[in-house]
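Order of writing sets the labels: A, B, C, D, E and F. Residues in every chain begin at 1.
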């Protein structure tokens, strides 16, 4: 799993993300100050999306659009502190939902 | 094969899943309290779906939609106990249908 | 190459297969009692489909639908004995058509 | 590169091939008695198609249809002797067009 | 991650790029004198696009169009000095946004 | 990177190429006597296309059409001497545009 945080994303970056999120995107990209990106196996990304969504002050989107592959990318949108907290949560809790 | 169980899935998680399940989805995502995710080779996932469906109290969906790859993901929906039982069944019986 | 046999497939399993077989499917999935699944390289699967089709009492379908990848899956449909025979035939004859 | 020859292909095998060849297919699949299959990198398959086409009595088709991947499959159609000759030609001449 | 700079790109090169950038392309390809290409994992390319966009005198485009894969390519368009600066910036700052 | 040159391509080979080049193809395939094929990473192929286009007497096309993958194939069309020169140029200059 890879993680990145982009602070004050440029217009171009938002455009690339918007095009890859499809029409169902519920996040208003104008109101955010940071983007967290997490890339990994689809089964882990759905789990990570659930953890992030339960954190406060962020929304979560599935970035790759209509032709998903094995590895996908989720975006976590919000202010910088919230995005950092959501990513910290994901790291903390990724091990919990695993069924050995 | 990877397994995960998400308890009380967030709205966002359900949205990501719903978009990837296509229109033929027969599960009412509002009535469930847990999601089991199993990812693996398509031949094994079809076999696992059959095992899970024969367990009690769950429905099974093919998550990836219209552009399937080699590795796919199935979702098992129901209350927490039923999902856990279905996943336990899959683990127990995956070896049986193998033709050596 | 991977092989699996599903006996008395559940409704859900048939639904997943039906969605992946496209509209040209000639098999009536209601009349069968077993499904044989074989996954492998497309060149080998076309060869295996030919062997299975020449066995008695089964029909053969290409499972992956409209966006084929390198590895594909074929389904062999019929009663349990016929499906088992067809898969035994595939194993026996896969080596014959190889050009060294 | 993998090679296979199917003699007297079954109806089902022809159906699977026909669906994967798209509408531009110029081969009349009813008139053939053998199919040669060659799978490999697209650059090599285009070269192999050229060699086979220059052999006598066969037609060559690109099997994978509209969503090509890195590895593709070509079919060589004709009577058994012609298909065998075409495949022998491919093996003989594949080294010639290589630019080191 | 791979990097390349094309100075005074030929018409053909611009045509190939234009076809892969889709309709949302905001760069006027007639006005540029150099193209920087950066290829890598999608999570890194979105981050790189943000770095490049914050550099002066370049625009950034997502090259692969509508069927993205894991690895994508971004193009950085502008005069030669600006493109070289943007790529130097990407190399310098790629490590910063990483969350360990 | 793989290279191949096809001299006096057969009609079938031209048909396979034409179908994979899409509608924007500007090369008149009837007028050529040789085809150079180069397969590699997209970032390198765009660079190679630029080198070939700057050589004399050839046109360059992107072969894979609408669903590009990581590895793509370009075709270089012209008379045999021009195609051989263009491919020699690509080999000579591929190292130059690399940014270390």
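Definition applied: a contact is a pair of C-beta atoms (placed from the backbone, for glycine too) under 8 Å apart; a residue touches a chain by one contact, two chains touch by 3 or more.
None of these values were measured; they are calculated from a predicted model.
Student: Using the contact definition stated above, find the chains touching both chain B and chain C.
Tutor: Output, common partners of chain B and chain C: nil, no chain qualifies.
Student: Measuring centre to centre with CA averages, how many angstrom lie between chain D and chain E?
Tutor: 39
Student: Report, in whole Å, the distance between the mean C-alpha point of chain C and the mean C-alpha point of chain E.
Tutor: The mean C-alpha positions of chain C and chain E differ by 45 Å.
Student: What whole-Å value do you get for the distance between chain A and chain E if each is reduced to the mean of its CA atoms?
Tutor: Distance between chain centres: 23 Å.
Student: Among the residues of chain A, which ones contact at least 2 other chains?
Tutor: Those would be 67, 69-70.
Student: Can you give me the ring order of the chains, beginning with chain D and going next to chain F?
Tutor: One full turn from chain D through chain F gives D, F, E, A, B, C.
Student: Okay, in this complex, where on chain A does chain E touch?
Tutor: Result: residues 2-6, 9-13, 15-17, 19-20, 37-39, 63-65, 67, 69-71, 73, 87 of chain A touch chain E.
Student: Over in the complex, which chain F residues touch chain E? Could you list them?
Tutor: Going through chain F, the ones touching chain E are 22, 24, 26, 41-44, 46-47, 49-50, 53-54, 59-60, 62, 66-70, 97-99.
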